[in-house]
Amino acid sequence: MRRVASGVTLAALVLLPFFGSNYALDVANRCGIAVIGVLGLNILTGFTGLISLGNAAFMAIGGFSAAFLITKAGVNGFAAIPAAGAIAALLGMIVGVPSLRLKGLYLAMATLAAHFIVEFTVVKWESVTGGVSGMSVPAPALFGVVLDNDRKLFGLVLLLALAALLFARNLFRARPGRALIAVRDHETAAAVMGIDVFRAKISAFGLSAFFVGVAGALAAIQSRIISPESYPLSLAIDALSMVIIGGMGSVAGSVLGAVGLTLLPEGLRAATNALSGQWPDLISKLSILKELVFSILIIVFLIFEPHGLAALWRRAVRKRHATTQQQPEGGGK
Amino acid sequence: MDFTFLLQLLINGLVVGSIYALVATGFVIIHKSTGALNLAQGEFLMVGAYVCLYAMTTFRLPFAAAFPLTLAFTALLGVLIERVVLRPLLGSPVISVIMVTLGLAGLLRSGLQFFFGTDTRAFPELFPSAPVMLGVVPVSQGYIWSVAGVTVLLTALGLFFRYSRAGLALRATASNQQTALSMGISVKRMFALSWCIAAVVSAIGGVLLGAIRGGIDMSLGHMGLKVLPVVILGGLDSVPGAIVGGLFIGVVENLTGGYLDPLLGGGVKEVVPYIVLVLILMVRPSGLFGRKKVDRV
Amino acid sequence: MTAMALSIRDLFLSFGGVSALSGVSFDVRPGEIFAIIGPNGAGKSSMLNCISGLYRPQRGTIAFGETPVTGLPPHRRARLGIARSFQNIALFKEMSVVDNILVGRHLHARTRLLSAGFSLPSARISEKAQRAKVDEVVAFLGLGAVRDEPVGTLAYGVQKRVELARALASEPKLLLLDEPMAGMNSGERDDMVRAILETNAAHGVTIVMIEHDMGIVMDISDTVCVLDFGRRIALGSPSEVRDDPHVIKAYLGEEDD
C-alpha cells in the first residue's frame, strides 16, 4: 500500500515537466529546494538539537559561491552546486566550533550574529559577490543541455531532493545519525557511551550547511539573479518554521514542512485573488498575511503538537492501517 | 578631530543606549525569572509605540491619557501572552521556547502591519523641538526627556525589586523556584508578572523612541534583535549588566557609525553590535555581570 | 603484583570552595564487585563522575589498569572500556529501547557519515552485526517485550534495565553503576542483582557500584568502601566494614539529624 502510494507520487513527479504549467514547475522547484534546505536545517536543529538562526546566511553562502564559481571561476554549473555545498559546509564547521561551549540560547545568538556578519560580508566583498547590486547566475549547461527554465531544472532539483532524502534516512538509521540524536537527547550520556560530542556537533554543522548550501545554489540558479537582499533573516525564520511545523527530528516531517509551507503562500495568493472583489487591498497585504499565518502555525504547533505534521501524519497512517504493524521511523521522534 | 562631533556621537549613543538598556531590562527580567529568551521584545516596543499613536490620533486623547492607556494595554498583553502562549510550554526544550517567541514576534509584527500598514507614521510631538545647549553641543529636548524618563523608570524598577513584596517575590523566584514555591510564592503568577513588566517597560521604550524619532515604522522591531548583543555583553541575568551593556552598545554603535561608516561606505554601524556579541561569546559567554553556572550531573 | 583494574590516588574535588572529595584513595581489583557506600552528600556520585570523566578533580590521579586517565574526556575513557549508568536515568528519551542500546555499540562500529548516508555495503554489514549483538543484550536482560517502545513511556524499573543494557552493549571492562536498584520493587531488585552477578561472573566485568540497599551490598560485593564528607572512612570486606566503629558512627550520626 505504502509502496504503491510512493510509486504513484514518484511517477507523477517524474511526469510533471511534461504536463505541468510554468507556474506549477516554478512552485515544484521551490518545493524541492525547500526540502533540501529544510532537511539540512533539521539535521542540525531537529536531530542534533542545535538551534540555528543562520540558515539564510548559509543559503547566501551557497548561492553566492555557486554564482562566483560559475561566472568568475569558470566552473561548470553542475559542478558548482556540490562545490557551493562544500564551501558552505566548511564555513558551517567553522561557525560550529564555538558550539561546543554554547548551548540553547547562546547558540541562537551566535548564529544570529553569524547571519548579520555574513550579510555584511556579502555586501562589502564586491569583487566576489557584486556587493549590493548582486550577481546574475547563468544556467548550468552540459553537453548542450541548458537548464535555463523551471521545466528543465526540475529534473535536477527532483534528483537532488530525492538523494538528500535517502541520504538523511539512511544516516539516521545508522551509527553516525544515532550519535547525533544521542547528543541531542542527553549530551552527558552520549559522551559516556564513547561519542565524541564535539566531533558529532561539528559534523552536524558541516552536513547541515552542505545541504543548505546546495539548496542555496539551486535557489540562485532558479532565480537567475541574487543580491544580499535575497537572504533576509525572515528566510531563516521561515526555514525554522518549516522544521517545527513539519516535525523536528523527522525526515518525513522535513518534506511535509517544506512542501506544506511552500504551498501555503500559493494557496493564500489564490484565495486573496479570489476575494479581491470584496477586499481589494488584501492582495497588497499578502506577505503580511503569510507571516501572520506562519506565526500562528508555529505557536499552535509548538503548543499542541511539538512533533509537527510528521506526528499527525504517523497517527493518521496508524489509524488507517491499524492491523498492519508499521516499523517506527529511524529518526526517533 | 572635531570635538563637538565626538560629543554629539557620544550623546546620541547614550540616548539610544538608554533605550536599549530599558528594553534589555525587560528581556533580562523575563530570562531571570522564567528562563525564556524573549525574541519578541522588539515587537513589544512596536506595540507600545503604535497603541500610543493610535490613542492620540484616532481617539484624539491627550498624551497624559494615551500613555497610561498604552501601559495598561501592554500590561494586559504581557500577561495574556504568558498565560496563553508561554505557560503551556513550561518544561519544553529551550528550542521550543525560543521558537515560540519568534512566532510571537511574527504574530505581533504582522498584526501591527495589518492594522497600521507598513508606511512610516508621524508620531505626535511630545517635547518642545527647540534644542538646549549642553556646553557647546546642542541637544534636543526629546533626548533629555528620554534619558530622564529611562533613569526614573530604571530607578523605580530597582526600588520595586528591592523593597516591594511583589518585587522580592520575583527575585526569590528568579534565584530558586523550589524555594520560592515553598515560601508560598505563586511561581506562575510571578512568571506572568515578569512578562507584564517586560512588556510595559518595552512599550515605554517604544513611546520614547517614537517621540525622539518623530515617526514610527516596522524598523522599530529591529531594536529587539539589537538588544541581544546588549544582554550578552551585560550578562543574561543581570539588570545592571543590561544597563551598562545598553549604554555601551549604543555608544559603540554611534561611534562606529560616525567614524567608520564614512570610510567603509556604511553598514558598519549595523553589524558592529553583533561582532561585539561574537567576541563576548568567545571570551566570556556569561557576560560582564552574569553568573557562571556550574553544570552538575 | 598484577595491575589493579582501577587505582584512585588522593583525589580532591571541590565546587566553588565546597569540597566534595578530600584526598580519597583506593584500588579496585580486576573482576571484583566494589561497592561505594556512605550517607547522602558523602561524595559517592562525585567519585563516579571523576572516574568516568564528567568531573575533573583538582588534585590526585586516576589510573585505569596501567593507563593514567585523569585528564581524559569521557568519550576517551569509554573507548578504554569504562561504561556507566546514572543515578537519575539518563536515557535518550526520544529513541526506542533498541536504538538506545545501539548507541552502546557506538565504539564497536566504524561506520562514518558518508558510508552511512549512502548505505554502503560496509555500513550495512556493520549495522547488522551491531543489531545482532544488541539482540543478545536485549535477551539477556529480558527486554524483548519492549524493544521497539520509546523509552520515555516505560516504567522506572524497566528504564533502569535499559540503561544497564546500553552500558553492557559497549562490552566494558569496568562498569560503574550509580544506585542501580533505587526506586525498584523487590522483584525488580532480584532481577537486577542477578544481572549484575551474571555480568560480573560470565564476562569478568569489574563493577564499581553505589548502592543504598545494605542487604544487597553486603551480599554481593567483594570490597566495600565507605565515604563520609568526602573522606574514606573505611575500606575492606563487607564483614570488616560492617563492624567498623567509624562506619557505625557515620550512619548513626546521619539518623540523628
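Think of it as A, B and C in the order they're written, each chain with its own count starting at 1.
Operating definition for what follows: a contact is a pair of C-beta atoms (placed from the backbone, for glycine too) under 8 Å apart; a residue touches a chain by one contact, two chains touch by 3 or more.
It should be emphasised that the depicted structure is a prediction, and the values quoted were computed from it without experimental measurement.
Undergrad: Give the identifier of the chain nearest to the protein's overall CA centre, each chain being represented by its own CA mean.
TA: A
Undergrad: Which chain has its C-alpha centre farthest away from the C-alpha centre of subunit B?
TA: C
Undergrad: Indicate the whole-number Å distance between the mean C-alpha point of subunit A and the mean C-alpha point of subunit C.
TA: Subunit A and subunit C have C-alpha centres separated by 41 Å.
Undergrad: What's the distance between the Cα centroids of subunit A and subunit B, rounded to whole Å?
TA: Chain centroid spacing, subunit A to subunit B, equals 32 Å.
Undergrad: Mind checking the centre-to-centre distance between subunit B and subunit C? Centres are C-alpha means, answer in whole Å.
TA: Here the centre of subunit C sits 48 Å away from the centre of subunit B.
Undergrad: Two or more other chains in contact with one residue: find those residues in subunit C.
TA: 54, 86 - these are the residues of subunit C that touch more than one other chain.
Undergrad: Hey, what residues on subunit B touch two or more of the other chains?
TA: Within subunit B, residues 297 contact more than one other chain.
Undergrad: Return the residues of subunit A touching two or more other chains; collapse runs of consecutive numbers into ranges.
TA: Residues 188 of subunit A touch two or more partner chains.
Undergrad: Can you list the subunit A residues touching subunit C in their complex?
TA: It is residues 166-168, 170-171, 173-179, 181-182, 184-186, 188-197, 203, 207, 249, 328, 332-333 of subunit A that touch subunit C.
Undergrad: Considering the complex alone, what residue numbers of subunit A touch subunit B?
TA: Subunit A reaches subunit B through residues 45, 49, 51, 98, 101-106, 108-110, 112-114, 116-117, 119-120, 123-124, 188, 233, 237, 240-241, 244, 248, 285, 288-289, 291-292, 294-299, 302-303, 306.
Undergrad: Quick check on the complex: what are the subunit B residues that touch subunit A?
TA: 37, 85, 88-89, 92-96, 98-100, 102-107, 109-111, 113-114, 118, 225, 228-229, 232, 236, 264-265, 267-268, 270-271, 274-275, 277-278, 281-282, 285, 297
Undergrad: Please give the residue numbers of subunit C that touch subunit A in the complex, ascending.
TA: Within the complex, subunit C touches subunit A at residues 52-54, 73-75, 78-79, 83-84, 86, 90-96, 99, 102-107, 109, 111-113, 116-119, 123, 126-127, 130, 148, 166, 170.
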